[in-house]
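Multiple structures follow.
In what follows, chain A forms one complex with chain B and a second complex with chain C.
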Partner chain A sequence: MNGGTRLLILPLALSPLLPFAVFRANRIAEAEPRSLVAALGGGGAALAVAGLAAMIGALVLARRAQVRTVVAAALVVAILLAMGWAAARLTAGGPPQVRVGPGAGFWVALVSAGLLVVDARARLHPRPAMRLAIVAVAVAIGAAILWSGALSQLSIMQEYGNRSASFWREGARHLWLAFGSFAAAMLAGVPLGIGLTRARRASAPVLGLLTMLQTIPSMALFGMLIAPLAWIAANVPAAHALGIRGIGAAPAFAALFLYSLLPIVANTVVGLTGVPRSVTEAADGMGLTRRQRLTSVDVPLALPVIVSAARIVLVQNIGMATVGALIGAGGFGTFVFQGIGQTATDLILLGALPTVALAFATSAVLDALIGMLPGTAR
Partner chain B sequence: MIELQSVTKDFAGVRAVNDVSLTVEQGTVAAVVGTSGSGKSTLLRMVNRLIEPTSGRILIDGADTAGVPAPDLRRRIGYVIQDHGLFPHWSAARNIATVPVLLRWPRAQVRTRVRELMEMLQLDPDVIGPRLPHELSGGQAQRVGVARALAVRPELLLMDEPFGALDPVIRAQAQADLARVQKRLGTTVILVTHDMAEAIRLGDRIAVMRAGRVEQFAAPADIIARPATPFVADLLGEGDRAFRYLSLRPAADLARPEGPGAGPAAGDADAPPLSPGTTMAEALSEMIWTGRDHVRVARADGTGGTVSRDDLIRAGRPE
Partner chain C sequence: MFRTLLLSAAASATLAFAAQAQVVVSSKIDTEGGVLGNIILAVLDNAGIETENRVQLGATPVVRQALVAGEIDIYPEYTGNAAYFFNRPDEPVWKDAAAAYAEAKKLDGEQNKLVWLTPAPANNTWGVAVRRDVAEPAGVTTFSQFGQWVAGGGEVKLAASSEFVNSAPALPAFQTTYGFTLSQDQLIVLSGGDTAATIQAASNQTSGANAAMVYGTDGQIAVSNLVVLQDDKSVQPVYQPAPVIRAEVLADHPEIETLLKPVFESLTLETLQDLNGKVQVDGLPAADVAKEYLTANGLLK
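Right, the complex of A and B next:
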């Protein structure tokens, strides 16, 4: 057992003492805590505690990281299924507006078990292809649990049930905002970075300007873009026809694009200037043209650094796109801000949880891709 | 044949190369030596136009290099540098294939050529070929760099301190390999080095540079026997110039026939003869070490002979 495991076992073991679920008479009513016994019944609670004890035992005793990964992952699944079961039990026979959501005990157990998975997986030192496979399996398990209906009585899923059409629409919008602005920033930022390595005098002012942009708080930047874009929409018919407006997706997209530029441009410059002099000298000496050197030597060697910027930007964009909802850009943020307005915790979670999951999965996939790039082999 | 005609290079007020004229004959090795900052690399890099001369002309086989687009020129000229400059994201084999691929050789021809080069440089194509540069030893990486430079049989090979980063044992071997490959291919070589011994061993002619000028351009024996300036003499080191001179010729040149009645008892009859390639300097060193005044030397044709200490000492002083 290592330090990481030990640190996580304690909250996991104590989690049954905290309320497992919360009960609301309706979606905005005061939450009433429900203990594990109340949520699962005496027999169910006993079974859950026994199961938890067995898995903790396995985690403590198992020497191999593979075993610990699988046990911790099974624990995550078991906690989710227990929650679904608790929701079904507590809502059974009640009026339809009753809501059952996760309680503190659930969250503590889930987060501890989730971190145990991450910790054990890290100790596997999986190859990049294996890491991609692990992400795929995790996504598949998550999807299977959601689709099976095991969680359908859970408050968040009820919120989803009432909004499934808009959920997917906002999800698509969220992806478009985050990935679209990222793609645009890559298309603009990488060439700009390449240009800056050639016109070194321009490098400091341009990077300075981009750094300044980064320091503007996101709400302020969204706001600052409203006026110019509204002006463009009013005066450029073609822009108006493209759907560009002062509020909505356009300023959000533009703000995310601007935030993305600094990491991409800066890392492109760092990556390119990090190519060893002997390598560029040899490339020139072999008779590679400037373009050939750029495409077959400089950019491939800078790629790990550029892709790590891509990872930072994507994760940042996925999170920041939620704020765009405040100026009518749509995305998962819509649910978050509606939920805040209605003091409906479950609606907030309906917006927040997919955002977190998306950021997690994107980061894991890009990490694996970085590991697959040639030249980064250990 | 490479001709440099009054070549000069100024860098923002620094005259790195100052009015250098010299001619390197086809199939010979010109070694360029000199102190740090004397303009050796600048001179070399003007030949493949990594640096454009401020004035003067450089001709290859009579044609001005300025008339050819630089990338085309460079593909015809091999270039080897001290840190080998292998592309870290490409395997050794792919590195060697760089120029053939640029010239769009057919795939099969590239593959055969890479194998051929690796074998010539004693690199196992199946073992070393797929490795990335960071998986190679310094000596292996250096040989891959040489193979890459020779890929399209360039008539001219430029080398900038190619062995500078190698340990003495590997360096001696790399020097011997270069000499062998150069003789076999008949490539013209310009070799920049810090090391006078290396220049003497490999150069048919040596150019001694100081502050951007060539102080002397002559065969090693002439450089040692008649240094043109005190700087050249300094660079040679007066302490062992006799040994340097002796190191230029094989001991077998001084051997007298062996056999009954051929002078005094020839060394110890039971000592094995020195190998045919032994230089006069090595033969003398052997005598000093073993306390004998004669040694036996084998000749390449299988016969043998005896070399006397007095003959060696006489040979160590240029007439």
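Right, the complex of A and C next:
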């Protein structure tokens, strides 16, 4: 057992003392706490506590990080399934408006167990391919739990059940906004960065301008783009035909594109100027043309830095695309803002949780990909 | 990657051309926006008019800007908001339902080629709702009666936001007009509180609350057993929802006016509270709530 584990065992062991679930007479009524015994019944609660004790024992005694990873992951799954079970018990026989959601005990247990997985996994020092496999397994387990219907009586899944069609449509829009604007920014930003390393005098003003764009609050930038884009759409038929509008996806796409430029351009410049002089001189000595040197020496060596920027931009875009819902761009933000309007926390979470999961998964995958690049010491 | 970008651009271009003949129906992102937008959409669809669904598009400035710019064709707006669109918030005209509607219709018709269609007889304005088990025995349905009742020693405890309590056009204006005064003991001030919190307080009788600051058509009012006080001396501007349509589109589809008239005339304060409640409290999708209402009342042919 190491320090990290010890630190997390205590909240995990005490979590059964906190209310496991919350009960609402309807989705916006005040939440009433439900203890583990009330949520799972006497026998169920005893079983849950015994299972928890056994798993804590295994975590404390296990020497190998592999075992600890698997046990902690199993604990996460068990906590989720217990929540689904509690929701099914507490909603059974009640009117359809009744909502059951996670309580403080659930969250403490889940976060502790989740951190135990992260802690144990880090001690495995997995190779990049292994890290990708871990992400894939985590996604598969999560999907299996959701598809099995074990959580279907949970409040947030009831929100999903009422909106399953629009959920996937908004999800697709969200992905298109985040990844599309990212792709466009890569296509524009990398060449711009390469250009700036050649025209050094332009470098400071261009990066200064991009930094300034970055400091505009997202809501303001989304709003600021409505008027000029609406004017363009009304006065330039070709732009109108291309789908450019003052509201909807176009201004959101443009704002995300502008935000993406700074990290990409700046990291391209840093990556390229970081290529050791000895290497570039050797390349010149071998008689490579400027173009050959760029494609076969400079860019490959700068790639890890550029891909790090790509990771930052993608995670940032996935999060920021939610704000686009305020200007009609759709995406998961639709549920967040409708939920705020209805003071329905579960609806807010229906938009927020997939966004967070998406950002996490993307970050983990790109992290692993960066580790796979040649020339990175991992 | 470039090729996919070009392809998607071409695809959206064809979409854009196809979309021009359709009536773009929109609404605000809030609960009532979802209900009213879907009602308009269902009525037009049912009449065989080609529509594009942009319901719950965004906040008021976004939808308004989009309508004026011609990016959407029709959405429900509140008469009282015209005061802000035309930057004349302090004029008394907005406090009279018929006059406010006529003024909004005139200004938007002259300046923006927009037509305000028949409004709903519901007023979604800032006010006070009292618990039914308190209001009914006391015989209180209007603010005048409420004022007399409070001045005569009626036991009231109002949950409200600090803005409602302190800003001159809100509670102080009600108190002056209706001749009552609430002491500090009769107020529960929820700083930054929204109507969801105040209604919950009155509903659960938190700290003895039995009245709440509300917007007239809040979806929680009916389920919480509260009664909205009628602002019978017109202290607040009137916020009647009405469909606003671009004149050009109405000229192409003149039947829209007669299609929506009976529908909006049927939307009373209590009906809207009920429909909003189905969305907000029961969590039903606004499109289903709208269709169910229209079908049940024979408003779809």
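By definition in this document, the second predicted complex is superposed on the first by the 376 of 378 C-alpha atoms of A that agree within 3 Å, B and C clash if a C-alpha of one lies under 4 Å from a C-alpha of the other, contacts with A are read in each partner's own complex, and residues count from 1 in each chain.
One rule holds in what follows: a residue touches a chain if its C-beta (ideal position, glycine included) is under 8 Å from a C-beta of that chain, and two chains touch if they have at least 3 such contacts.
What you see is a predicted model, and the numbers here were worked out from it, not measured in a lab.
Of the two partner chains, chain B is the only one touched by A:Val279; chain C is not.
When the two structures are aligned on the shared chain, A:Thr211 is found in touch with neither chain B nor chain C.
By the touch criterion defined above, A:Thr343 reaches chain C but does not reach chain B. More residues of chain A are touched by C (comparison of chain B with chain C). By the touch criterion defined above, A:Asn162 reaches chain C but does not reach chain B.
Contacts of A:Ser148 after superposition on the shared chain: neither chain B nor chain C is touched. Of the residues of chain A, not a single one touches chain B in one of the two structures and chain C in the other. Only residues 48, 50, 70-76, 79, 81-89, 98-99, 102, 132, 145, 148, 158 of chain B touch chain A when the two sit together in their complex. Of all residues in chain A, only 26-30, 96-97, 99, 158-159, 162-163, 166, 183-184, 187, 223, 226-227, 230, 233-234, 240-243, 245-248, 325-328, 334, 337-338, 341-344, 346-347 touch chain C in the complex they form. Within the complex formed with chain B, the residues of chain A that make contact are 276, 278-279, 281-289, 292, 297, 300-301, 374-375, 377. Touching chain A in their complex are the following residues of chain C: 1-2, 5, 9, 12-13, 15-17, 26, 29-31, 34, 54, 56-59, 61-62, 65-66, 69-72, 194, 196-197, 200, 204, 219-220, 223, 279-285.
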